[in-house]
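Starting off with a structure, shown below.
Each chain gets a letter, A, B, C and D, in the order it is written, and its residues are counted from 1.
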Amino acid sequence: MDEPDLPHLQRLIANSPYLRWLGLEPTSLSRGAVEARARWREDWVANPDLGQTQGGVLASLVDFAASFALFVDLGAPAVTVDLRVDYHRLARRGDLVAQGSVIRRGRRISVCEARVGDLAGRLVASGRGTFLSEG
Amino acid sequence: MDEPDLPHLQRLIANSPYLRWLGLEPTSLSRGAVEARARWREDWVANPDLGQTQGGVLASLVDFAASFALFVDLGAPAVTVDLRVDYHRLARRGDLVAQGSVIRRGRRISVCEARVGDLAGRLVASGRGTFLSEG
Amino acid sequence: MDEPDLPHLQRLIANSPYLRWLGLEPTSLSRGAVEARARWREDWVANPDLGQTQGGVLASLVDFAASFALFVDLGAPAVTVDLRVDYHRLARRGDLVAQGSVIRRGRRISVCEARVGDLAGRLVASGRGTFLSEG
Amino acid sequence: MDEPDLPHLQRLIANSPYLRWLGLEPTSLSRGAVEARARWREDWVANPDLGQTQGGVLASLVDFAASFALFVDLGAPAVTVDLRVDYHRLARRGDLVAQGSVIRRGRRISVCEARVGDLAGRLVASGRGTFLSEG
């Protein structure tokens, strides 16, 4: 497989109903680290009185950024085995930025982490996950 | 506050854009344990070749079921501090059932768990989270 | 390999410097579930003013009980990939009881959980982990 | 309370049976980041054929480094609420180095992470935890 680049990631996102729903747009990419922006939508809101983005959406962004960092590093997809997400503050209405990086790349098992921030640069969630490489 | 009952949970879901998007319908409720069904939608699909539900949707269901089990137990909302989700098998197109229960209810910190299965009764994901009670 | 039984586990513990240090004695064993008792020692104490057992000792008991439940189920060892431990209350001076069970046994990846209680039956810690089967 | 410094941490360790057992020696300290070395002992060994340090010892080091990074930042102790540890490779006989840092310091809830390496600089474990500040 060719090494993944931004157009490659954009095609993967365009092909995925869920990633399209997240409004993802990858903004930078290097070996072992990716960054993407997610376009806010009203469907994300957990409680309309607070307007905060539901935790599952933030978990999706952690999973996406962590697993794409690994994908770019490995040049091959891996399956999410488990995920831990920490919620640091309410994410109010607005786009979010997710950054993923590889902590440890293994032959079968890899561990990656991600941070999700708002456009003011405040950390709203972070986490890490375990990924299994096929084959 | 009155003790939460099914109509109460249904109103909370109806009021939440994200929980409506998840197509949630609570099906049973007792002190410390809840069950809800989530109606599948195409937006959940991570990869159209496999048709599997994206992990963030499963994380949302774990978070929802775990936190609502606590809500019913406490009679008051609590904030998700962190979440761990384990992915056991691909969740193919179809509705899902989430069951939440309380592991340990504390004055400030509580821990709850949840399981998510498909309509054939296969476990597709499970997890646990830490929740902080206000006040 | 023969199916593991109590004498088999006792020999494994007797052979392991760390498990001996934990003072482990398996007390019951069935397919997918084990129970063991750990003999308290002064070395466990984190802070002598409180007398509480350090969290790493509780993590060891979660790891031991979860991985031995899997070992008994699989009839073969597996490697701990990651572990989550929740601390529910201070464990005061005294023996502890750890119970492990299998949540999901997979061909390569399995998930198990464990609970650690004191002799009065109070839950002091619980957790879950991901395990990788060799071969 | 005075801001914690190395002699302060050394006294805390000297006062704790478990931290003494871990053979901990803090080696550097700054606001939000600590490093300590742990002196290997035979009691750490899980399986004498492999000679690897048991996962609970590595969990202890993650907990210690993460919580001491927070302690130095807050100037006050906090309680470990939960811990996640990822095991990256077997830690063979030998001293280990643990580095902790603060991801997000909150008024009540903080999240910290830690890495544990061997003396050759190889990452053997890493993790993160949630901590609750008293008062």
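Convention: a residue touches a chain if its C-beta (ideal position, glycine included) is under 8 Å from a C-beta of that chain, and two chains touch if they have at least 3 such contacts.
All values reported here derive from a predicted model rather than from experimental measurement.
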{"item": "Touching chain C and also chain D, the following chains", "value": "A, B"}
{"item": "Most distant chain from chain C by Cα centroid", "value": "A"}
{"item": "Chain pair with more C-beta contacts, B-D versus A-D", "value": "A-D"}
{"item": "Centre-of-Cα separation between chain B and chain A, whole angstrom", "value": "21"}
{"item": "Cα-centroid distance, chain A relative to chain D, in whole angstrom", "value": "28"}
{"item": "Geometric centre distance via CA averages, chain D-chain B, whole Å", "value": "33"}
{"item": "Junction residues of chain D - those touching two or more other chains", "value": "81-82, 84, 86, 111, 130"}
{"item": "Chain-level touch network, classified as line, ring, star, complete or other", "value": "complete"}
{"item": "Chain D partner contacts - residues on chain C that touch it in the complex", "value": "15-19, 21, 42-48, 53-57, 59-61, 63-64, 79-87"}
{"item": "Residues of chain A touching chain D in the complex", "value": "84, 86, 88, 103-104, 106, 111, 123, 126, 128, 130"}
{"item": "Interfacial residue positions of chain B with respect to chain D in the complex", "value": "81-82, 84, 108-109, 111, 130, 132"}
